[in-house]
Each structure stands twice: as structure tokens, then as C-alpha cells.
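Down below are the structures I want you to see.
Next come two complexes built around chain A: one with chain B, the other with chain C.
Up next, the complex of A and B:
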């Protein structure tokens, strides 16, 4: 059994690279995902993941599948969409989610248009679904840099984010820098998604961010516990996804996200914090007490 | 000290204050009273700088961290995964900030505040397990640990029972005796009379300052001891 798990990673360098890349993504994904969930922005994360496409596509248009060009382009597009939706929501009579939805749809359409102008459907698939089994050095360096930046950002701003998420009105009264934490968080989110799309693609990058956090919510009622559980879930999901992809010839990013989906569904059923089984138990106990 | 000079305030094209002067002295215990929609909450927001005025000048003798504000609508996300102790800890932000480590004296201060409001036994409970009244006590505890020199409370007693009201008002009274300035919006005339030294009553776009002993008596708003120039 242990041999089945370890041998692909011992024998093949591309599997080692894939695992290392997933590990790096799991660190950031779990951190960012938990705060996305607590800010009730999970769908916004998905929208921003799509919004980076035209920037990445522009980079691709001029430099081909070049990591730096696509990353810088994706970063600019993502930050621009996040910033524009924030400004539109604050300055006009609309909510941030509807502004974001409008901008990201335009952004996605523009991205597909740019890619189709240069390449064929294979290139589009690469951008949408990534290439975790073919990570080159440049992509690994990007993931490594992304992890370092995210960890540093979270070390400095963890308390800012907790305060802002739990009671932003109260925090505004305490610190004149309170408003900046949200923008820093959005920047880290965009950067993480840009790095993630090289490995897993724009569609799947948000999966490794949101699903572990959503799973963790069913097992812990403390933020520290949620962060730890989300990280473990992300790593185990990535490991199982890569192994499934190796042994059953499945698309790797889909396999990883589907494993994370399995953990999420199991948690919905069995989770100790509001899982279905626990709710049924509680209801039965209550009925017993009444009788 | 907070000073309104010739202030006019409009909200949704409705005039709430019309060329008003108002002075809130340091160390005072003021109750802001008036009918629903008369502008009590708006005045608190103006004091905080969260709401702009149509004309006039506001002089604020306090800065960030000098005040503590308890809004009418609780903004604490009760689904946030944290304990009562952690929620109260947020009040100590000025002391530990973004990076400094928490010391034992901080935890002792939290414990003491939870004792004062009577929910020390719930220290390790998750905030989503609290009732409305317990949550309000938690917010009071968070306010206490801030040790702010100005407390602004917007109808803080709306969702709690009489016993808890008395406990929390006793705490405010003790704070007032320590020299803290308090501005609270209240509806209960009896509580205003019993606890508050000065009443600011809003009517007809004017603010009247009366001694709380006269609160809600007919004389109060017709012949205030000192009517603010409105």
C-alpha cells in the first residue's frame, strides 16, 4: 500500500514537481480560502479567478506560454477587476457582488477572445485547466515566491484580517489602517490565483482555495483550527488527486478538485460543526427531552 | 470635549438639525433622547466622523482609539469562528496591535471585564452560542477593556432584560465616576432619570440640554435649563 502511494513520487520527477507545487498551493489556498469564506466572498474568489484570464491571455498573445508575461498580465487584470468592482460599488448605487459579476463576465469573454485570436482550443485548455503534471522550473519558482509572499503577508496582517472579518465597523474605530487590510487581502487573492492558474488553470485554482476552507468549517469553530484543517485537507486532496490521475489516467486538476469535493460532501454529512448527522442527533435528543 | 458650531444635518433630504450649537463636556454623562427618526443615531455618527454635515463645524477633542462606539445594529459577525474571550480580546487592539504578543495581564483584564458583565462562565464558548442579551454583554466587555475616554452607545439596552440593564448601567455609572465621557441614546425615561446626569433631547430639529431630573417632564423641552442655540 505504502509502495503504491510512494512509488510514483519516487520514480518520476514530474510527479515530485506536481506534489511540491500542490503543497505550495495548499499553504496559500488554505489561508486565503478560510478568509474568503469568513468574508463571505467565496463566489467572488471564483469571479476573480475568471477575471485574470484576459491579462494572462494578453501575456500569452505577446510572449506565448511564458510564465512571467502571463503572470504579470493576470495580476494586472485581476487587480484591475477587483479594484473597479470595489470603486463601482462604493461610488454608485450597486452592490460589490453584482459589479464584480458584470466585470468578470466581460473579462472572461475578452480573455477567450484574445486566446482564440492567437491559438487553438488546446492553448485555451492549458490556460483553463493548467498543467500540474508538467510544471517547469519557472512555474515552480513562481509558486515558491507566491507562497513566501502570502505567508509574509498573512504573518503581518493576520490580526488585521481577523478584526476586519469579525467586526469591520468596530475595527474602523480602532485603526486608521483598517480599510487597507481588505485591499491587501484582495491583492494576495489575485496573486495566489495567478500562481494557481499555471498549475491547475483558472477554473480549478479557485477549487483548491475554496473547498478545503468550506470543508474545515464543518470541523472547527475556531479560526486556528479551520486554518489547520483546511491545510491538511488541501494536501491530502492534492495527494489523492495526483495518485488517481497517475493510476487511472484522469485529468489531474479535475481529480484533485473532485477529491476535495468528496471531502466536502463527507463533511456536510458527518461534520461536528453543523453537519447533517449532528443536526439529526441533536433534534432526536431534543425530542427525547421534550417527551 | 466635542463641539458642534452652527451645524445643520440632513439625511435623505430630511432636515435633522438646523443650525445647532452643541457642547459635550469632558467627563459628562449625556443621554440623547428623542422620537424615532429624530436623528439620535445620526448625531453619534457625526460625532464619530462617519456622517458628514450639511454645514457648520465639528470640533472633536479625541482621536482614533480614544473612543469606543457601540452601534445600534450589532456588526459583530456571530458566525465568525471565535470564542467569547477572543471576541473581547479585540478591544485590546490599541495595546497589542498587529504583531505584539499578548501578555498575562491582557488575559486578566479580559477575565475581569467578563466578570463585570456577568458572563465569565462563557469565556470559552463560541460566540454563535450566545443569546442576544449575552452578546450585548460581550460587546460591553469588549468596550470596557478598551479603557476609552469617550463612550458612544447607540440604544445598547434594547435587547436585554431588566437585570442586565441595571448591571450594564451600573458599569457605565462607575465609568462616569472615573472621568469617562459617555453619550448614550436611551428611550426609557426611568433609566434616564436614575442614571444620567444630563439629557440632550432632540425635537423640531433642535437639541435641548436639560438636567436629567427634568427628563420627560413637560417642562424639560419647553423650558430647558439651557437650550442650545438652534
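Up next, the complex of A and C:
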């Protein structure tokens, strides 16, 4: 059994790299995912994925298939969209999600425009979004850097972020730093997603961010607990996904995300914090007490 | 069916020739760069040619622009490869209201049929036998095929010089049907081009013969060279299947790496329209060398080495053989 789990990673370097990449992404994915969940912004991952397109495409046309150029371009576009929507939502009469939706649509349209103007029909999504099975050194460095930045950011601003997530109106009245912590969080989110897209593809990057956090919410009502559970879920899902991709010939990103999906569904049913089973139990108990 | 298509051909020829009188030149649309180049060779200065999917672009993911639709609507002849290569062509043809003559260039060519798992674990002699076997099957089967086949045939038939003779005859015949006034011109062009193809065929056969069959093993980023493999007994292994849109699994990559190690394959190649990161990873892991770009689904830009069909064939074989000789 242990041999079955270990042998692919011992024999093949690309499996080691894939697992290592997943591990790095799981660290910041779980951190960012939990706060996304608390801020009720889980869908923004997908929106940002589209928003980075014009920047990444521009980078591609200037420097070819170069992780750095495409990442920088994507980062600029993503940050621009995130900040614009953040400012618009906070200063004017609209909500975060509708602002983000509007800006990302404009950004996506711009991306399609740039691609069709310059390149025609090279499959840019294929070129821009990497595969977990082909992590080269450049991409791994990018992931290292991303994790380091993310951990540093969260170490510095953890308290602010928690305050901002749990009661942003109160925090706004209390401290002038409330806005900054939100923008820092948006920046980390975009950076994490951009790095994830180039390394692992959209599906993986968003999946590893959103699903473990959603799963963790069913098992803990403390942020620290959620963070830990989300991290463990992400790593176990990645491991199982890679192994099923290895043994059953499944596309690796889909396999990993589907395993995370399985954990999520199980948690919806069995979770101790508001899972279906627990709710049914409590209702039965309540009925008993009333009778 | 044959009769009716012939009849409509005559009607079209009549219509088209009246059209061309006005426009002076026959207006022809070719679906992608390889067909574009061949059509240009055959039509010379008697046709006005538009190529939809240009050099270094991927036909699998092409999406038509309004300009393309307009061009097609006004054109007299449309040249396509068929064999499901241009999945988007039916929609484009309908939406543009194209009323000209449609040529399926691969019609009647010797096509590779897929039996499952065709690119895996094959030895040379096995593969050779299988190919021979396939050839027999196809000669019966290929007669009634057109672009409506369901992806069980390898569409990259232009990588075979034998097939390209069929392409040339099909396209040339269509030009003559559509523009009978210039029949002699097209005939001369056709003969000249066929002679060039024959000369290249001889040169390439001699070049390939310098590497023993057992050594002709190559890893490539996209499985588009089945015909080159059949004609010259190369075995090409690819991590992604036939189509650039398929996602490889860890199992596929692992299998390939084992095979590269077991059979001591030394040469890796990438293709001009696909992502090369996966191939590079396989190279890192096995110590096999990255040999360069091959051109498969598209010609290169003018200043690069595969700007015409004949140059592409020559460049691919030269690159492959030179690299294999280096590692021998």
C-alpha cells in the first residue's frame, strides 16, 4: 500500500515536482481561500482568471512563452481590475461583486481583442495556463516566491485581515488601516492566482483555493482551525488526485479538483459545523424536547 | 451522388466563369497555410488566394472573423483538407452562404485509420506490419470518405508526399472546373509542381536511408506525424494525443518516460504550434536532447525555414535526420 503511494514519486521527477507545486500552492491557497470565504468573495477567483488575460497576452507577445513576462503582465492586469473594483465598491454606490464583474468583463473583452489583433489562433489559453505535470524551475521559483510573499503578507496583517473579515464596518470606524488591509489582501489574491495559473492552470489554481476552504468551514468555526483543515484537505486532495491521475490515466488537474470536490460533498453531509446530518440530528432532538 | 456532384460542378463552372470575367481572377479560399501554399503553386497568377488560418497558427482552435466570412461568401472555390481537420468549416460555410465549389483536398488519399492506442508501445517491425495491414484495409475504405468522418482517421495526410500528389490533382481539377478558360495554364502548373514533389521525394528518401530503421525513434510534442512515420518508418511518441486540446494524464507522461529510458531514445522535438513545457520536462528527466522545432499543422512565417509546403517537408526530414545522426 505504502509502496503504491510512494513508488510513482520515487521513480518520476515530474511527479515530485507536481506534488511539491501542489504543496506550495496549498499553503497560500488555504490561507487566501479561507479569507475569501469569510469575505464572501469565493467567486472572484474565476473572475480574476479572466481579468488577467489582456496583461498575460500582452506579455506573451512581447517576450514569447516566458513565465516572468506573462506573469508580470497578468499581475498588472489582475491587480488593476481588483483595485478598481475594490475602490469602486468602497467609495461609490455599488457592491464588490458587481464592480468586479463589470471590470473583469471589460478586461476579458480587451484580452480577446489583443489576441485576435496580434496572434490569430495560437491557443493562448493553452500557452498561458500551465500544466501541473510540466513544472520547470522557473515556475517553481515563481511558486516559492509567491508562497513567501503570501506568508509574509499574512504574518504582517493577520489581525487586520481577521478584523476586516469579521466586521469590516466596525474596523472601518476603529482604524484608518482597514482599506489598506483589504487592498493588500486583493493584491495577494491576484498574485497567488496569477502564479497558480501559469504553474497549474485555472482549474487547479482556483480549485485549490476555494474548495478546501469551503470544506474546512464544515469542521471548524475558528479561523485558525479552518486554516489548518483547509491546508490538510488541499494537500491530501492533491496527493490523491496525482495518484489517480497516475494509476487511472485521468487528466491531473481535473482529478485533483474532483477529489477536493468529494471532500467538500462529504463535509456537506457529515460536517460537525452545520452539516446535513448534524442539522437533522439537532432538529430531531429539538422535536423531542418540545414533545 | 457522383453524377449530381459532377452536374453541379458544371453549373458552378458556368456561374463561376461568368463571375471571374468580372473579377478577372478566380477567387479561392484555402482553409490553412499548407493548402494555401499548394493552391498558390497550382493557381499561380490566375487566382486571388485567401488563406484563413495563417502561418504558425493552430487550425484546431481557429475561430473565424467577420472578415473571413465575408471573403468566403464572395469566393468561387474553397479548398479544405477534410478528415475533420477543420471542425469549424461547416458552420463557417453555412453562415457565410458560400455558393462556390468546395474541394476536399484529401479525397482519395491514402489515409491512416486509428485503431485504438495507435501511438503506443510499438516496435518497428510490428508497426511496419500494422501499417501494411492498414494500407490494405484503407484501399477499400477510403473511397467514400469526406470531411464528415468522426475523427477516427488521421487528418494530417499532407505529411505524405504520396498523398500530396492526390491533393495536387484534386485542387488542380477543381481550379480547372471553376475556370475552364485557363485550363492549359493550370495543367502546366500542375506538371511543374508534381515534378518538384518527385524530385524532393527522391532526395528525402536518400537522406532518410542514412539512419537505420531501428534508430528512427523520436519524441514529439503533438502527435501529428503519423504519415511521416508511415512513409519513412519513424516511430513518433507524443504525450498529448492527436489533438492539441487534449490534456495528458500523469500515467501518459510516466509511460512515455519509461519508454524513452527503456528504448534509449535520444531525440526530442517540439512542434511549432504547441506548448513545449511538457516535452522539456521529459527531456530533463530522461537526459534526451531537445532537437528543435518541427512544423506540422501550419507553415512558418516567411523569414523562417518552412515557409512553403515543400520547404516544410524538407526541413522536417532534415531536422529529424540531422539530429538522429548527431546522437547515433
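The definition used in the following text is that the second predicted complex is superposed on the first by the 262 of 291 C-alpha atoms of A that agree within 3 Å, B and C clash if a C-alpha of one lies under 4 Å from a C-alpha of the other, contacts with A are read in each partner's own complex, and residues count from 1 in each chain.
Quick note on the criterion: contacts are C-beta pairs under 8 Å (C-beta built on N, C-alpha and C of every residue); 3 or more make two chains touch, one makes a residue touch a chain.
In this text the structure is predicted, and so the values were computed from the model without any measurement.
Q: First (chain B), second (chain C), both or neither: which does A:252 touch?
A: second
Q: Touch test for A:160: chain B only (first), chain C only (second), both, or neither?
A: It touches chain B, and chain C stays clear.
Q: Taking the superposition on A as described, I'd like to know which of chain B and chain C A:98 touches: first, second, both or neither.
A: Touch status of A:98: no partner.
Q: Please work out whether A:133 is in contact with chain B alone, chain C alone, both, or neither, and reply first, second, both or neither.
A: Once the two structures are laid over each other on A, A:133 reaches chain C alone.
Q: Would you sort A:8 into first (chain B), second (chain C), both or neither based on which partner it touches?
A: second
Q: Touching A:220 in the superposition: chain B (first), chain C (second), both, neither?
A: The answer is first: A:220 touches chain B but not chain C.
Q: Along chain A, where are the residues that touch chain C in the complex?
A: 8, 11-15, 17-18, 65, 116, 119-123, 126-127, 130-131, 133-136, 242, 245-255
Q: Quick one: which bits of chain C touch chain A in the complex? Just the residue numbers, please.
A: 53-54, 56-63, 65, 244-245, 247-254, 257, 273-278, 280-282, 284-285
Q: In the complex, go through chain B and note every residue touching chain A.
A: 48, 64-65, 67-69, 71, 75-77, 80-83, 87, 90, 93-94, 97-99, 126, 128, 142
Q: With touch defined as at the start, can you tell me which chain A residues reach chain B in the complex?
A: 38, 156-157, 159-160, 162-163, 165-171, 173-176, 217, 220-223, 225-226
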